[in-house]
Amino acid sequence: MHPQTRLGRFEHHTEWPLAAVALLFLGLYSAQILLEPRGSTAAAITDAMRALYFVFVVDYLARLYLADPRAKWFVRHLFDLAIVVLPFLRPLRLLSLAVVVEVLQRAVGDTIRGRVIIYTVFGAAVMIYAASLAMLDVERHAPDAHIKTFGDALWWAITTVTTVGYGDYTPVTGEGRIVAVALMIGGVTLLGVVTATLASWIVQRVAAEDTANQTATWAQIEELREEIHRLTKLVADDREPAYGEGREGI
Amino acid sequence: MHPQTRLGRFEHHTEWPLAAVALLFLGLYSAQILLEPRGSTAAAITDAMRALYFVFVVDYLARLYLADPRAKWFVRHLFDLAIVVLPFLRPLRLLSLAVVVEVLQRAVGDTIRGRVIIYTVFGAAVMIYAASLAMLDVERHAPDAHIKTFGDALWWAITTVTTVGYGDYTPVTGEGRIVAVALMIGGVTLLGVVTATLASWIVQRVAAEDTANQTATWAQIEELREEIHRLTKLVADDREPAYGEGREGI
Amino acid sequence: MHPQTRLGRFEHHTEWPLAAVALLFLGLYSAQILLEPRGSTAAAITDAMRALYFVFVVDYLARLYLADPRAKWFVRHLFDLAIVVLPFLRPLRLLSLAVVVEVLQRAVGDTIRGRVIIYTVFGAAVMIYAASLAMLDVERHAPDAHIKTFGDALWWAITTVTTVGYGDYTPVTGEGRIVAVALMIGGVTLLGVVTATLASWIVQRVAAEDTANQTATWAQIEELREEIHRLTKLVADDREPAYGEGREGI
Amino acid sequence: MHPQTRLGRFEHHTEWPLAAVALLFLGLYSAQILLEPRGSTAAAITDAMRALYFVFVVDYLARLYLADPRAKWFVRHLFDLAIVVLPFLRPLRLLSLAVVVEVLQRAVGDTIRGRVIIYTVFGAAVMIYAASLAMLDVERHAPDAHIKTFGDALWWAITTVTTVGYGDYTPVTGEGRIVAVALMIGGVTLLGVVTATLASWIVQRVAAEDTANQTATWAQIEELREEIHRLTKLVADDREPAYGEGREGI
């Protein structure tokens, strides 16, 4: 983002490696939750995930160390801290996969709105998938839980993120509710992004509709400036011969 | 939309025929779901719908073939693919009826905001009706289903699309949930469009209120340019006689 | 609104009388629903309400007659038709009380945003009250109904209009659901108006923050025009004496 | 806010003392609700809270007295009146803690959008916490209540403020419902603020993207004005020597 600072350079270089780690983490986490392996496989997956998780912790600490001013970075990245510290929020670390969006962007174009749309769709998909996995993980074996299959968890996540909130499936454990709150905040932001993008599009279109009332643009002001430049040159040229004439007239 | 490209010309020419096919499909689908015919009538309707559905598949393939670049079109029209491939999403193909909006537009005027409003109202109505039919189709005979009449389905669809989500009627089958997710995405977009249209209207009105702080417009810059033109002409005219005078003065 | 047309003049003159009729209607309707009178009182109230309702029908027909073009007015005022035709939507006619807002406006100021806020707050209050009355009316005596007191109806209306939609109280009759749908549409619009007003405010504040990047305004363009006028006059004045001088120089 | 008026000066000077009172009130209220003290401790807390509450009443009356015009202030601060008069809304008085935001602002920067974000996050947190306490207070001992622990109350508050509204925990008492309505209004506004801030950001970014179509700014108009000034000076200078020359030519 800011390759001119030390933190910026660090983030630029670790972007793709971290996305690879996140993808591996996603694969192992999905396997652990959806396949429910037992015995040595389960132990191996747990060990591998612990190692990958250690990478995230190191990344967080490295970024905190490189940040300047550090206190400001800490306050602004409390969410990153929560993801690192709270085990059941860990899947949200997958949002670092957002770097994959760069590949998708080539197919969609490169305007601000295009990028906002692609980040929103991709971010929403990752958020819903990760929250479903996390919810299934913490609720599945709770007594009186409603969410017992991945299908239920996915259905719950989508009804939550769109703020529809039927309430036919709701988390009953404390951890499940923290995951739900993270997803609700995501949902409110998602709604906001969708609306804001549409608003930006409509405002632009309404403005483009009526040429006479269109907002004056930089391009127009530049044309005006050139016109005034030509005029100034004309007046200046006019002055020169006037002097000459004057002298000739003497 | 883009009559200058081959795809644009194709879409321009097939617009109304496809709307007719969609309307016929809607009629047959409504009859099939709401009247629950039996025997040869049911078989005839099923055959007719299969034929109409084949038209949509051909249309999708033709558009994919004509698109340039094809990969970009494919990525941008994944939703069209889903409608063609997933049988219970087929009713959403009715959204191609949106072309009927052209007729309604004559009654409402032709500004961007007018068009956005009419597309929103019409699109929401078609989406709610089609989703209700599809939901009734997949849920009706499911054990433990809540949605057993068209009234229930319509009520469910409206509470969902407005994101109210009472949860008194919710889908219980996988197919029903996919229909619901499509409707929720539609609902979030609907909310966004309503808000964005209002925002555009309020922003414009607030700007119009205070003349002194109104945004400079193209029309004003044009007036300024004319003024400078007149001035330039005056200076240029001034120069000519100045030369003449000079000569006379000799 | 448009005092220059016949419809505009009609609406301007009937504004306050209709508000009085609406207020009377509101009082009688509230009495009928909340006090549940019996015998001759009930009959008297019913008769009075029928008479007031007749005023609304006449008003609708008069406006339809005066409208030009009539077809366009009809399409744009389908909601008014629904209010006149569907008995349980009649309370929504109270929205014509919005004219009372004119009095409130004097306390709040007269900017566009001030007016939007006051219309929103007043409109939401009337809509919630009227929908609660209508809901109580149609649900109260239905078997298996959840909404049996005015408190329940009010609680249901507020959870619906904010799109929270707990679902602890939901309508079970067809008429109740139509009232609910009207309220949901109102709720979606309400959310949109709140967001749009805030967006307009933030956009304006962000623009005002950074003077150098502020949008060019009418006032500035006017100043520029005056500057150019002065310059043009200077050049024109310059030309006159130049001629004179020239002659003197001979 | 407005240090030039008497009310403004009063509010400026009482800002931090009132925040201290609010913080103390929050601590006592939290202790009272969460620890459920008995005997003399309970009595002491109740007395202390009554004294602090008296400060709020005095503050409200003082502001009403100093306001000019008083009627307008009264209408615009009905919510403040509700907080003072309705005992179970009292915790919302904690919103006066917003002044603490000034400290946080130094860490986040001082742009309009930065301030809007920090007020939103802080305001939402205080609102959710205060509403949870109030809800627990009024519901806890009600028969058939769902909300019996602080965890439940917090979960209910978050699902409500995001308008998800599962309906798994809902208030059953009248007081609880009034708290809920206050929170819903807060939630609708919260959603609006999030969306509006995002919209403002996207509109600005989209505008910044395309230099040629960027809106003309104050800075540009100023440059134009300077250019014209230089031109005017050139013409005026031109005129002086022209006179001089003329004289010399005589």
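Annotations
Lettered A, B, C and D in written order, each chain numbered from 1.
Keep in mind that, in the parts below, contacts are C-beta pairs under 8 Å (C-beta built on N, C-alpha and C of every residue); 3 or more make two chains touch, one makes a residue touch a chain.
On a predicted model such as this, the values are computed, not experimentally measured, just so you know.
Considering every other chain in turn, the ones in contact with both chain B and chain C prove to be A, D. The chain pair A-C and the chain pair C-D differ in C-beta contact count, and the higher one is C-D.
In the contact between chain A and chain D, the residue numbers used by both copies make up under half of all numbers at that interface. With centres taken as mean Cα positions, chain C sits 37 Å from chain A.
Mean C-alpha position of chain C lies 26 Å from that of chain D. Multi-chain contact residues of chain A (touching two or more other chains): 163-167, 191, 195-197, 199, 203, 215-217, 220-221, 224, 228, 231, 235, 238, 242, 249. Taken as a graph of touching chains, this assembly is fully connected, with contact between every pair of chains. Within the complex formed with chain A, the residues of chain C that make contact are 163-167, 195-196, 199, 215-216, 221, 249.
Within the complex formed with chain B, the residues of chain C that make contact are 71-72, 75-76, 111-113, 116, 160, 163-167, 170, 174, 177, 180-181, 184-185, 187-189, 191-193, 195-197, 199-200, 203-204, 215-221, 224-225, 228-229, 231-232, 235-236, 238-239, 242-243, 246, 249-250.
Interface residues of chain A, counted against chain B in their complex, comprise 104, 107-108, 151, 155, 158-159, 162-168, 190-191, 194-199, 201-203, 205-206, 209, 211-217, 220-221, 223-224, 227-228, 230-231, 234-235, 237-238, 241-242, 245, 248-249.
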